[in-house]
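Below is a structure I'd like to ask you about.
Naming follows writing order (A, B, C and D), and every chain is counted from residue 1.
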Amino acid sequence: MTPTGRHFLQIPGPTNTPDRVLRAMAAPTIDHRGPEFAELALGVMEGLQPVFGTSQPIVIYPASGTGAWEAALVNTLSPGDRVLCFETGHFATLWQEMARRLGLEVDFVPGDWRHGVDPQQLTEKLAADTGHEIKAVQVVHNETSTGVTSRIPEIREAIDRAGHPALLLVDTISSLASIEYRHDAWGVDVTVAGSQKGLMLPPGLSFNAISPKALRASQTARLRRSFWDWQPIIEAGRRGFFPYTPATNLLYGLREALRMLDEEGLPQVYARHRRHAEATRLAVRGWGLEVLCADEREHSASLTGVLVPAGHDADKVRAVVLDRYNMSLGTGLGKLAGRVFRIGHLGDFNDLMLAGTLAGVQMGLVAAGVPIDPTGVNAALERLQRS
Amino acid sequence: MTPTGRHFLQIPGPTNTPDRVLRAMAAPTIDHRGPEFAELALGVMEGLQPVFGTSQPIVIYPASGTGAWEAALVNTLSPGDRVLCFETGHFATLWQEMARRLGLEVDFVPGDWRHGVDPQQLTEKLAADTGHEIKAVQVVHNETSTGVTSRIPEIREAIDRAGHPALLLVDTISSLASIEYRHDAWGVDVTVAGSQKGLMLPPGLSFNAISPKALRASQTARLRRSFWDWQPIIEAGRRGFFPYTPATNLLYGLREALRMLDEEGLPQVYARHRRHAEATRLAVRGWGLEVLCADEREHSASLTGVLVPAGHDADKVRAVVLDRYNMSLGTGLGKLAGRVFRIGHLGDFNDLMLAGTLAGVQMGLVAAGVPIDPTGVNAALERLQRS
Amino acid sequence: MTPTGRHFLQIPGPTNTPDRVLRAMAAPTIDHRGPEFAELALGVMEGLQPVFGTSQPIVIYPASGTGAWEAALVNTLSPGDRVLCFETGHFATLWQEMARRLGLEVDFVPGDWRHGVDPQQLTEKLAADTGHEIKAVQVVHNETSTGVTSRIPEIREAIDRAGHPALLLVDTISSLASIEYRHDAWGVDVTVAGSQKGLMLPPGLSFNAISPKALRASQTARLRRSFWDWQPIIEAGRRGFFPYTPATNLLYGLREALRMLDEEGLPQVYARHRRHAEATRLAVRGWGLEVLCADEREHSASLTGVLVPAGHDADKVRAVVLDRYNMSLGTGLGKLAGRVFRIGHLGDFNDLMLAGTLAGVQMGLVAAGVPIDPTGVNAALERLQRS
Amino acid sequence: MTPTGRHFLQIPGPTNTPDRVLRAMAAPTIDHRGPEFAELALGVMEGLQPVFGTSQPIVIYPASGTGAWEAALVNTLSPGDRVLCFETGHFATLWQEMARRLGLEVDFVPGDWRHGVDPQQLTEKLAADTGHEIKAVQVVHNETSTGVTSRIPEIREAIDRAGHPALLLVDTISSLASIEYRHDAWGVDVTVAGSQKGLMLPPGLSFNAISPKALRASQTARLRRSFWDWQPIIEAGRRGFFPYTPATNLLYGLREALRMLDEEGLPQVYARHRRHAEATRLAVRGWGLEVLCADEREHSASLTGVLVPAGHDADKVRAVVLDRYNMSLGTGLGKLAGRVFRIGHLGDFNDLMLAGTLAGVQMGLVAAGVPIDPTGVNAALERLQRS
């Protein structure tokens, strides 16, 4: 069937890029060593700070989010260093695999992919490490594969309770600018982020926000690095430049996206995401289905993982929804393949887009033969009705 | 409240311009006397023919639809000529006012704004005009102000039954490329159309499709004309040019829109509009509200007029919907002001956009205090579910 | 040859639309009856006033410039009224033909297409009209077909000297926003303009600036009008609306273009055009060719007409330039066909674009076998060198 | 001075992105795990092969060109491996520094920044390495900092003459799609490229073309790698996917750019660049200035380095050109700072853009007080005149 109308891109990122941002990106590329560029770069660097909740430098990479993962590790750690990771889902698993491949020793605490990092368990692990061999704790703030949000403030407290000096490295790829986040106030050492989720850009930029402690660590860290090295980037960045050719047009888009976030106000952005997530969960439960996230304190505000009943294939639902309703949903990743689909409700979004999204899921479930109670959309609308 | 996400432009035109079309229009303007332009112009003129259902020339004006109304009159009629018009709604009323202002005598058959042109009545009117003083019959195919579609084939038959030589002038501004239409097969003499509805463009282009009989009439018609004169346009058009500067960038958009219509297929386009209109009426009735169109044979496939209960203000509903849900609905025009709002479901549209639209109407009605049964969306989804 | 790089659109309009404007126009169409639209419309109406040099209302048509010609006539004149026109070139000829076709009596003072309106001759014509039968004087400020600019202040004086009450109607299609113009100060009654020249937009909008005297005339003028009627447009315009669907996306572009003019400053805009015109004439004379405009006081700042030597075909030069150098030049219109080509140097332009343009003309002349001295570009660069 | 008209971006990359490409990039981002994406990705991968002159896999990174440098090294080499580098300019210097930082041993053959790699010297170096400790030879095909093009086929022969098994790693960042290049035929093992030069895209994509020998080397190479690792990218790429979120919108642009190269034809693209480079050198010599490249066999077709006379500051010339003529030129990098400016004449370019560029340089030199003979533009036009 020839698709018509606007595609609903309801994967948990890349998100529906606002056309304001797309138009901003369509401006001609400028000289990245000229005065106009410097003004652009200094502006976005400054504009990013409230979004990360930091007054510290933020490094922008012309690269995808996985690159920023690598940057967080190679700038702060040395071969053989021990890092503590938690199996909260697919991306936590990939990030610890990356750590291993880069020559680090990984303690990977197993998990069921339905919970976030357990602060209590973290305290215990660190308390047991009396020799302080663990140099860093890796946490995915919002697991894009599951829709579970780990509680960073409690994680920070857990580290402090253990009196442990490990660095705290946090992946906010699918939470930044959607779910409240405070790099400085929460004592995070390196925050990893990407452009294509809450920042509403196409993919192609990624970020490290860096605490003074992390910056000090980078002076002795011995993992080999060149492209990812913070130091020349921070240095050139002071004058609004980059040590290599930056992704200028994405920076145009970023400037526009930061303006949009500022116009709406970050508290309003976060509240909107929470509200849409609540409405989505009400729909899922209305259908008689189960939300993947198993802890009420950890529901993601940016996406919702949905379990399909045994005997049904989540990817078949997704295929039907794409074919009939011109909507992309997120697939089940890794060990969730076939059992889960994911609804993204983040970025540049509103109530009616959510209503359309949930209508598509409801009709797709029915069309795919999944037995549901077709009242989910109604339950969501009742929630949205309350402003 | 700062609006977020994509605006729902659910007035009955201009419609949600597809971004493919917007991007096509963003190409640099070219020399309108050069070879590249001629290729563009000949291409769109040819591509328009199946959309109008004609093999005759189609004149393109760099002007709004009202301009094409004027063109239809000044090219075919002489001062003092009598035209027969029917009060099917606001636009039929405006068009006959224009005829009066241009110096024509108008027979304006009163109507209740809930029905289309009555073919029986038309036959009677023409049969009574034994002197053939009536030179033209003006019909609005799809009344944008009411959501009522007059039945052109029956109107043609009615004229033939009366054996009357009057020209048949038809306004298809909100039907063309949304509702089946056949200029040649239905014996229409001048078809008036605009760019900003089913053709999915921004406003700024309008059209006259012209029968051989209308062309002959233009040779003796004595209403003064210059800008609107068909003859130099048709002549220059044979070589792909215009007698004055054309709206080049809108023609780029038109080329792209014609490609989209061709990819989907006109029968599929019409079926899609019918289906969305049915689902919309089911929603309206589910809410316990009344559809304005009072004849089952005349429901518009491109928009639906909805009556709000006495004591409620349709414009207040619209204001709430715009403010809370970032959606524009059509206002009640002329004598329907305050009593009716209109839902546009035409152009580049799909099931989930309709679901979002109806969700917004439902929530808006509740928020505005209109007593409804909040099951309308469900009723629509059930219809959409059947593919 | 496959063209590469950016096309040089050096016809005297449409001009090279700045990509800022194209991007602005690519925004989604909005509800033309909503609050966001009203803000847009009121903003552009206000922003246009300094460009026209008026504090009076300016009517915006969703139509080409010829439409605004027609509007100027049908709003102010009655059937059989006498108008005084001057054969300054192709467009002056077309405009008086339009007047005839609309039922006016035209006095058409012959000209050689190398001079503007002669104020002395005008005084004489009006003085001879002791019965004040002449109701309007039609003047093309800047003849796009010749590159000759008539001196409006002297024309105004000439009318005043004759003590004649005729309205002064002025076409500024290829001068507005390129060449100094003052609707109020110069006592113009109707100024006609279009979007696609100095205003840097694609074609599709046109304008009438209206003096109080013209507005009074419109109350008794009896030429038939509906689409072009000022009165409903002015009325709706007070609240930021239009009586029919406006060309919304072109209005987005207009807002951006007005911002650009404001950033540069109108005096700077005019000076830039004058400077480029001077450099162009130096190039033409450097080549040993003749500028069409025969009066030093009347050289156009927005385009230059160039005579090719007898025995050579200006259109062959143009074809070679298009084919080899990816540049469009203006053709010789009407009686100048084949003898003249026109170089547009107006709108969003700069020194290096002019250098490229003149280089293309120089190389094209040589390639087409026109005997020239290839030092024209140098002469122009010397002029540009002086800032 | 407020800049007007189109900026001339005549640095040697990023180049003037064609608006076709910018518009292509402005399409909404799609699901990078869906069928539409796979078609896009497979298409660009296939379309890239003729541009690189290879039938082998090409890896696309969502990163800048320096990233692709790092990828070439970490995929093929092990800690302590020896690489042979040549000081042909700034970028060759940076690349060997990167090699050092990644833990490789570098033999850096000094150079004067006015010549390319000397094949004879290379043969000698490799012949002396009887133990085959040198694992790779790093060559910058076209030194963006100097405008000198090393002769890869002779370099290949030199390696073969020495009978040495070292890998040949070639940076084509400012030559690919501008200067003839044949990865397979010339026996290159890893070709490094970026998006923002001959490929006419904004920055943000980079590439490795990989020989079977390099691929084998990657199986035993022990430099730590994760983000840059070829193997998962090649594997996922077979089905049109990426192991991490790709820069989708840049891939849209790449598809369009590949179409443009195909329409023009690669031999025509190369010839055009050679011709523009010749005209540029004629201009430089016409001004009485010296081209930086000192070997007639090594002139770059994509940029020209120009030496300013002693006592003059090249950056002052650049500042004047930017301020007065709205053109960006390339600065002198590293040890050439202040002594050299660079003119980029690559990417989407044509004769008139070059004429404008050279006019701007000529006027800028005069304005900056550099003593020149102002006939350079003429000399260039004479060359361009011959088609």
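Couple of notes before you dig in:
Convention: contacts are C-beta pairs under 8 Å (C-beta built on N, C-alpha and C of every residue); 3 or more make two chains touch, one makes a residue touch a chain.
Please read all numbers here as calculations on a predicted model, not as lab measurements.
Of all chains, the one whose CA centroid is most distant from that of chain D is B.
Interface comparison, A-D versus A-B: the higher count of C-beta contacts falls to A-D. Separating the CA-averaged centres of chain A and chain B is a span of 45 Å. With centres set at the average Cα position, the gap from chain A to chain D is 34 Å. For chain A, the set of residues touching two or more other chains reads 16, 19, 22-23, 26-28.
Per the touch definition, chain D reaches chain C in the complex via residues 2-6, 8, 16, 18-19, 22, 26, 263-265, 268, 272, 324-327, 348-353, 355-357, 359-360, 362-363, 366-367, 374-375, 377-378, 381-382, 384-385, 387.
Touching chain C in their complex are the following residues of chain A: 19-20, 23-24, 26-28. On the side of chain C, the complex with chain B involves touching residues 6-7, 9, 11, 13-17, 22-23, 25-34, 61-67, 69-70, 98, 101-103, 194, 196, 202-204, 223-227, 229, 243-250, 322, 328, 331.
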